[in-house]
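Residue numbering begins at 1 within each chain, and the chains themselves are lettered A, B, C, D and E in the order written.
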Amino acid sequence: MNYTFDFAPVFAAWPTLLEGIMGTLRMSSLSMVFGLGLGIIFMMMRMSGRPGLRTVAVGYIELIRNTPILVQVFFVFFGMPAIGIRLSGEQAAILAMTLNCAAYAAEIVRGGVQSIRPGQIEAGRALGMHTADIYRFIVFRPAIRAVYPALCSQFILLMLNSSLVSSVSAEELTYYAQTLDSQTFRSFEIYLTLGVIYLALSQVLSAVLSLIGRVYFSYPTK
Amino acid sequence: MIRQFGWGEFLFLLEGARWTVVLSLLAFTVGGALGLAVALGRTSKWKLLRMVTAAYIQVFQGTPLLIQLFFVYFGLPLLGLKVDVWVALTIGLSLHTSAFLGEIWRGSIQAVPDGQSEAARALGIGYVHRMVDVVLPQAFRIGLPATISFLVNLIKGTALAALLGLTELTRSGQLMANITFQPLQVYGAVALIYFCICVPLTYCSARIERRLNAAR
Amino acid sequence: MDRSSMSDKTIEMIGVNKWFGPLHVLKDIDLTVARGEHIVLCGPSGSGKSTLIRCINHLEEIQKGAIFVNGTELGPQGNNADHIRRDVGMVFQQFNLFPHLTVLENCMLAQRRVRKTSVAEARDKAMRHLERVHIAEQAAKYPAQLSGGQQQRVAIARALCMDPQVMLFDEPTSALDPEMVKEVLDTMISLADDGITMICVTHEMGFARAVAHRVIFMDRGEIIESAAPEAFFSNPGHERTRAFLGQILNH
Amino acid sequence: QAVTPEEIKAKGTATIGVQMDQFPWGFIDQNGQNDGFDIEIAKLITKELGVDVKFERITGQNRIPLLVNGNVDFLVPSMTITEERAKVIQYVIPYSSNDITVWGKNDAEIQGNDDLGNYVIGVNRGSAFDPLLVKVAPANTQIKRFDDDATTVQALLSGQVDAILGSVTYGLVINQTGNGDTFERKYKVADNFQGMAVRKGDQEMLDFLNDFVARHTEDGVLDELYKKWIGSDRAKLPTTLPGVDFTGKE
Amino acid sequence: MDRSSMSDKTIEMIGVNKWFGPLHVLKDIDLTVARGEHIVLCGPSGSGKSTLIRCINHLEEIQKGAIFVNGTELGPQGNNADHIRRDVGMVFQQFNLFPHLTVLENCMLAQRRVRKTSVAEARDKAMRHLERVHIAEQAAKYPAQLSGGQQQRVAIARALCMDPQVMLFDEPTSALDPEMVKEVLDTMISLADDGITMICVTHEMGFARAVAHRVIFMDRGEIIESAAPEAFFSNPGHERTRAFLGQILNH
């Protein structure tokens, strides 16, 4: 091995990396929250009885799921100024990731809703409750619980994929790391550090998500 | 003279798309086989095997594919192991794929009711046939949607092979964008091609899903 | 209760027909249930018993005929369905408790959302009914922590919290372990003593003998026989009824 | 791991790293073939060696690791010579130059480095422009970094940034996309000398390429190629730069 | 069958103990089953009935004691388990048919994989046993297309295809609709007539009366009472048995 590792320039840049970590966390957590919300709306459209709504939702979901997030972020960032909407790199990244996350979340949550036994909905109806209330108070919690692991891994994937948004100058971890790379050429050290940080971030994220899950879904099941 | 984005440029993208397809097939076959092993390890009765595969999944699910590829291709030579691009891609993509599929399939295997494998055990059927004949066919059905949606992600994820110098679809798009300076048109076309590669998959999966559900 | 005094009709089904696709599951059903009457519905699997009672609170749509509950007509499109469901409680074979809510919350949810009752009032009423089915001490538990019999009693309490005038039971004991059947039947018998109107799909013939005013036998979507329990068991009028009784009583 | 011209001759092919996303230095032509200034030079080198050429398409991100790891024999990368990079790889004396220029909206008042602080400036990250911009621009300058030249220029055209700092050849692009009226060349920031590169320690290879550049500067071949591709005259290039060793001996 | 003639021991459990974590579910079980003997096992929910019979074919490990089947000792680590499972058939409450295989394939799978029988032979034997449980005409269907009673009969045929010497039944009728109970019980009675050794967990006391040589009552992991059916029902020796019988016979 004729390469000598030198982590000094990487560690010297820790404030930048920290800023990158914050950027990654900020952008991915906002997109998760908005994406889940929007995803639930698309899921309801997809499952609704109205063919029009259903077609729109299916079209949206398939369009987003089958094209790369990189392209999506490009269109938001470079394309939307043409119609007069100019978003900063970070705003564009959050919007694109939200749109992306929504499509996946819609499908995952739909799986959860379909796993709810019809008896649950019937019980709500037999008690005279309205459809909206039935979804809100009876269906959602068990449905999301049923698919929570899938949802969490989608979130983690989203966090990892957020590295792609650096291409529109959204300032997240990979962005700073690559900038650092172009200044120090310590590629191995930088990528190694980056790998460790992402691994740590995904562990922390999955711990936080499972904690949230444990609190929110604390009711026992058989 | 810079070029306009036209038919010839589109063909160039298609050429790149060929690699995308090859890479996806490669990742899915090798990674799929490895993923099955990981899933079986995760559901094994030996605690040690369960722990090892759990750690494997944690590590390879928890780090971006970009970084895995970087290390296989640029890192291993530092240890004196010079690897060919295709070897590196196979290793990198398979590690990534197997971790995700392993986890998805573990879930599906565990979702097959215990009664099924108990009934097989009660009939004296050994592990291999119990899995092949009884559990896996049922797990397949359960895991199909998640598998397809991962596969669709994987197809787009192979774009990272560009780091290793392979001009696949996304990289072709970047090259074209830098020649024509019309990124929106180029990336629009790139998205379209990805869409055409992925849609048959999601479509098939929806159909198989519907058929399996009807048969239930 | 004297049968002749039950002039007041709670439920009236007139010429009710229902299809599932090509399958004709209810054929010209005519049925009148008086206030306070207790009806036991039995018949072979697939004969349409569940479908019949599910039509009453519009969990299923009917294609022909008319259904009146307390004099309100239930339209085929489900107009008035919400109105009627408040008067009709239902208990399912699979209990269908909400697994993410405690026993108490299960009983409070519909009061809060449908009747817009205050929290305190809803809790009071829930506790009253939970006491009545002897399960008040489990109010803070989740359904999964209860035995099947306890779950079913909670389901009964949950329905009662809406002050229904009619209770529908769809095989309430058939998903229960043998020892738990009794505690649920006892609860139902005590309800019956209160004079509530009841339609119960069940094969517990002991229960039918004890509380039913009428036993109705269905087969292939039709009401074949309808008689007081003594007559029904001792001297069934139809061949099919006899065959059926032979099957379920003989083992 | 070292390669020498002799070894390359023995192998019969030279594996050369070239950038293919740097119009007009290196790009892919209508027929899908590599073409451009760098490509012609690389072909000239292999012609002199009497071997076949195999192009390895490199990117700003992987070119240095590919060279260091021995995946390519040497680079003809239109890569700016910088002191930092010279610590990791061995440069050959400059073979071309590319004035580093600021391009901006007509109404952006940018005359010199100090004005950059008032605007949002885009730059191609991974390129040598990025560290340079950091160095010359006031500390409060808002810098937006993009993946490659195309997106950097696109950021200017779509109004996401007010000005960009980079190659003089961006002007070709801005004009040809029909935006010549809205954007203009602001000022030249610095010279930018570009060099081929070999691994540290590949002394014979270095000597060979140094000789190659010197000879063809002499006979005007490089000038001719530069004129053909870049459309202007090739400047007189230095053979020494502060902080960079071209002899491989220090 | 004359009890004294049953000297030949098919199953012998000696001092068997089992824990689930801290929970002691089987406490010093001693049980000997003679060749051709029919045993009915009953007791409250959670008393360990299922666990007991699942230990016999090593679906559960035991922590103390010894189990012999046909004279072969079943080691605690499950040595000999595969050997023993060939002699012991099992029928589950939930049928556990393989949903992705047809009825015929369900019956052929283990023959092909375990006994390595040829396809033709396996099919022959499968059809023979399917006929025996009167379901041969459904051989090409999938389990989901059958009623519960039919599924359970297929499950019995599937077990019989392995020529077991002992059949274990774990509440085979309790997931069934009332009318289907009879067809499954009839099938089991006809098996009993053939002289196969049977251990059956059930609360169908009519069945116990008809075919059991011995009824065993378990509570909290212990065998409380073991007697011939007449004695068991008419004159149970223990308070707990009496209380239990009171519960399940009284409604």
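Note that in this section a residue touches a chain if its C-beta (ideal position, glycine included) is under 8 Å from a C-beta of that chain, and two chains touch if they have at least 3 such contacts.
Worth saying up front: this structure is predicted, and the values here are computed from it rather than measured.
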Graph separation of chain A and chain E (steps between touching chains): 2
Joint neighbours of chain B and chain A, given as chain labels: D
Far-end chain from chain C, centres as C-alpha averages: D
Whole-Å gap between the CA centroids of chain A and chain D: 38
Intercentroid distance (Cα basis), chain D paired with chain C, Å: 83
Chain D and chain E, separation of their C-alpha mean positions in angstrom: 81
Residues of chain E engaged with two or more neighbouring chains: none
Per-residue overlap in chain D, given as positions that touch at least 2 other chains: 61, 65, 147, 151, 154
Residue list for chain A, restricted to those that touch at least two other chains: 3, 74, 78, 187-188
Every chain pair meeting the contact rule: A-B, A-C, A-D, B-D, B-E, C-E
Contact set on chain E toward chain B in their complex: 57, 59, 82, 85-86, 88-90, 92, 94, 96-100, 109-110, 113-114, 142, 144, 155, 158-159, 162
Chain A contact footprint on chain B (complex, rising order): 58-59, 61-68, 70-71, 74-75, 78-80, 100, 103, 107, 145-146, 149, 152-153, 156, 159, 170, 183-184, 187-188, 190-191, 194-195, 198-199, 202
Residues of chain B touching chain E in the complex: 113, 115-116, 118-126, 129, 133-134, 137-138, 141, 215-216
Chain C-touching residues of chain A, taken from the complex the two chains share: 117, 119-120, 122-130, 133, 137-138, 141-142, 145, 217, 219-222
Chain A residues touching chain D - in the complex, by the definition given at the top: 2-3, 74, 77-78, 81-82, 86, 89, 166-169, 175, 178-179, 181-185, 187-188
